[in-house]
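The following block contains the structure, expressed as structure tokens.
Each chain gets a letter, A, B and C, in the order it is written, and its residues are counted from 1.
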């Protein structure tokens, strides 16, 4: 009863491994199904983690504070005069006006985001921008110049051509020349984006002079953002002030919500798998009964057999976990989560070819582990016990 | 070494298929004795051996094995005594086909936490003694019946138990091999071990090593012929 | 926020724990009704087998409880990225009324499962199984505990809304000063630290004393008063340690005077130092309380030697882990003082 603890564990583990090797074919089915389930789970988790990371990186170039006019609880245009009012606030480095909106392309059913700006955040007009893979940004005063993504060029079926046209509200055509292409790194937010000058956007959406959609505020010291937010609220009546951190949180909420929904769907798969595993483990074959009977009559305790069974299930589960996790890693890192992208980026017809590098986070591993391996091991408890209480005298 | 008093064993007590297998068996065996238990089929020989071998708890009665009280004892205590006191030789060998001879022989040592090296050493020594060390790493199905039973005896001895119990050890062997196996068992007696052998094979009962024959019928020891001292 | 992956993981473990404990409680009820160790009936044999199942289920339940405690903390850490105003896990826990109670139930749940396993371990050491009825009666109490645990968890998750504005650790665990609702109350920090270290010293002395008397005194004796004190002080020290770690020690770990979070130092940025700190504290407390609580079992038939041996092991573990814990915890402030407080 007081056997050396480690020695006993090692011996029983040894026996469990050799008996797994013997029953390789029988365990292969469980291993495969389990690997697939874990692959799906971890792909979900890794995709959402990678997307959050991309959003975080992309948002670092976003303005510190966005100011929008609210009217009757909805967003409305903000008068450019507000710019002068804010300029007086100490700590604000720069204020830019922006026009943005959605453009629905009837020919392919896609929704594009149009942003019109005269100066890009943090960059002098005309200078090369890190967000572009080629070309330049339109400069203030230019007309008919736009920057779009490579994905959008495909969507618009531009081929080698540089010019494309969009409809104004009165159905007359506005023509644009592409002067630059967004880089792939920011595809998450720029895939469906058309960037142009304020004047062009005003023209395209037929917005009167003196109005803009929102004001972008750059702050000198990031620690002052909250204070300045408060001051802006005091100065301007009925505005909504959004900080970069809040936008970031919104992204995380969306992604974690979506990955949760996916997890629920996959849970169904796990439950059915657990039932299958239970079924397989609970039926004791004649030869298994005999084996346990012999072990018990030779002095193996009930606890020894339960430990043996636990090692068997745990080994299968661990190997399946490692396999599933590695496959998911490859899937997300090298194939950009091809299977799940439609779910995560599903709001747009555009499907950017994002390059995702999921960071290795311990809590992700634990999360997937506790959703998959722990329930599985719990499900094996009863079959393990059932095998362990086979009576020693059954082989006499 | 071994004292049974008024032992009853009832299988499936409280159920419809209740069987009274032993009805008040009293038996005492001294250290170093070799006892043969005989009786017709279904008379309760295996049940009696299971109780002596700490496999089954008796339903009623008093019993001590090797100085340890075994009545009213939880199962894991019985198993613990079995590990220390008892070596078993079975009718059907009860070896695991997928293990080698050595692994089969050292199987009882695994849950004791004994390292593979020590296990192999002790196993090798026993295989040597029983003259089957040339079959050490053979898979079981390549062994002959005699070799199998020798391996089974080696396994029974791996704990160095003071008591060896054999239930029909010669059932699957021809008469020459039966004699050999009985010689081996009788040799163990000379080391000071106590042996209890159940069989209806006359070769067993007639073997020179047997000190005493106990006749069991209908779950009890027949007093007139029981305890015949040779 | 039931649709978040973390919430789902927590709910899955809760469901698993529910089924495990449900199975164990089924056995417990059957044992309490028809346990008859002196009989050799089919029913009794089945029951004896079932007690092994119950023990296995509770053991798995304990692992699950530990895992879900860890999950809950990590989940709160992840929620803090989503909740406005929360910079660390503390903010996520105080985002509604159920967070902290859920955490506390989970934490103490681990201990209660552990005690059952101690009872079981001692029980099977005696051939009379003298604790079987007691341990299964105790198992019945784990049922309501788990139900409360799950209810709190579900309430916490349901009421957790991304748009709720919560506060952060600097506010929640502000030390000293006059703000009401802080953890230390009106007590000054030096006094609390003095109390902390003197309690630890008292515990070590008591443990050494018990170790001696346990070795020399006759195993049937026991020392009810000393043991009672030891157990109570252990529990007190555990709670005091949690407070001290949060309010006094953690700012030194972060090197930020206003950052008082008992969870952040589990993160990789702080070399996961939280895991050894909490593990040693929990194990030492568990060993101490187990040692004290089992002293009353020594008189039961067949348990004198197993209990004596078990308590000796407990005291050994306690005397090993408590200094480790103290060293870990003291290292940060000492390092700060030695380096001249930069």
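By definition in this document, contacts are C-beta pairs under 8 Å (C-beta built on N, C-alpha and C of every residue); 3 or more make two chains touch, one makes a residue touch a chain.
From a predicted model like this one, the values you see are computed outputs, not experimental measurements.
A.B. asks: Taking chains as nodes and touches as edges, what kind of graph is this: line, ring, star, complete or other?
C.D. replies: Shape of the chain contacts: complete, all pairs touching.
A.B. asks: State which chain is most central when centres are taken as means of Cα atoms.
C.D. replies: C
A.B. asks: Which chain's centre, taken as the mean of its Cα atoms, is farthest from the centre of chain B?
C.D. replies: Taking each chain's C-alpha mean as its centre, the farthest from chain B is A.
A.B. asks: Identify the chain pair with more contacting C-beta pairs: A-B or B-C.
C.D. replies: A-B
A.B. asks: Just how far, in Å, is the C-alpha centre of chain C from the one of chain A?
C.D. replies: Taking the average C-alpha coordinate of chain A and of chain C, the gap between them is 35 Å.
A.B. asks: Between chain A and chain B, what is the separation of their C-alpha centroids in Å?
C.D. replies: 65
A.B. asks: Between chain B and chain C, tell me the centre distance in angstrom, where each centre is the average of that chain's C-alpha atoms.
C.D. replies: That gives a centre separation of 49 Å.
A.B. asks: Among the residues of chain A, which ones contact at least 2 other chains?
C.D. replies: 1, 302-303
A.B. asks: Tell me, which residues of chain B touch at least two other chains?
C.D. replies: 75-76, in rising order.
A.B. asks: Pull out every residue in chain C that's touching 2 or more other chains.
C.D. replies: Answer for chain C, listing residues that touch two or more other chains: there are none.
A.B. asks: Within the complex, which stretch of chain C touches chain B?
C.D. replies: So the residues of chain C in touch with chain B come to 37-43, 48, 124, 127, 129.
A.B. asks: For chain A, which residues are in contact with chain C within the complex?
C.D. replies: Touching chain C: residues 1, 44-45, 48, 246, 249, 252-253, 256-257, 259-261, 263-264, 267, 302-303, 306, 362-363, 366-367, 370-371, 374-375, 377-378, 381-382, 384-385, 388-389 of chain A.
A.B. asks: Mind listing the chain C positions that touch chain A in their complex?
C.D. replies: The contact residues of chain C facing chain A are 2-9, 12-13, 16, 19-20, 23, 49, 52-53, 56-57, 60, 63-64, 67-68, 70-71, 74, 77-78, 81-84, 125, 162, 268.
A.B. asks: So in the complex, which bits of chain B are touching chain C?
C.D. replies: 9-10, 12-15, 57-60, 72-77
A.B. asks: Quick one: in the complex, what on chain A touches chain B?
C.D. replies: Within the complex, chain A contacts chain B at residues 1, 3-12, 14-15, 19, 22, 291, 293-304, 392-393, 395-396.
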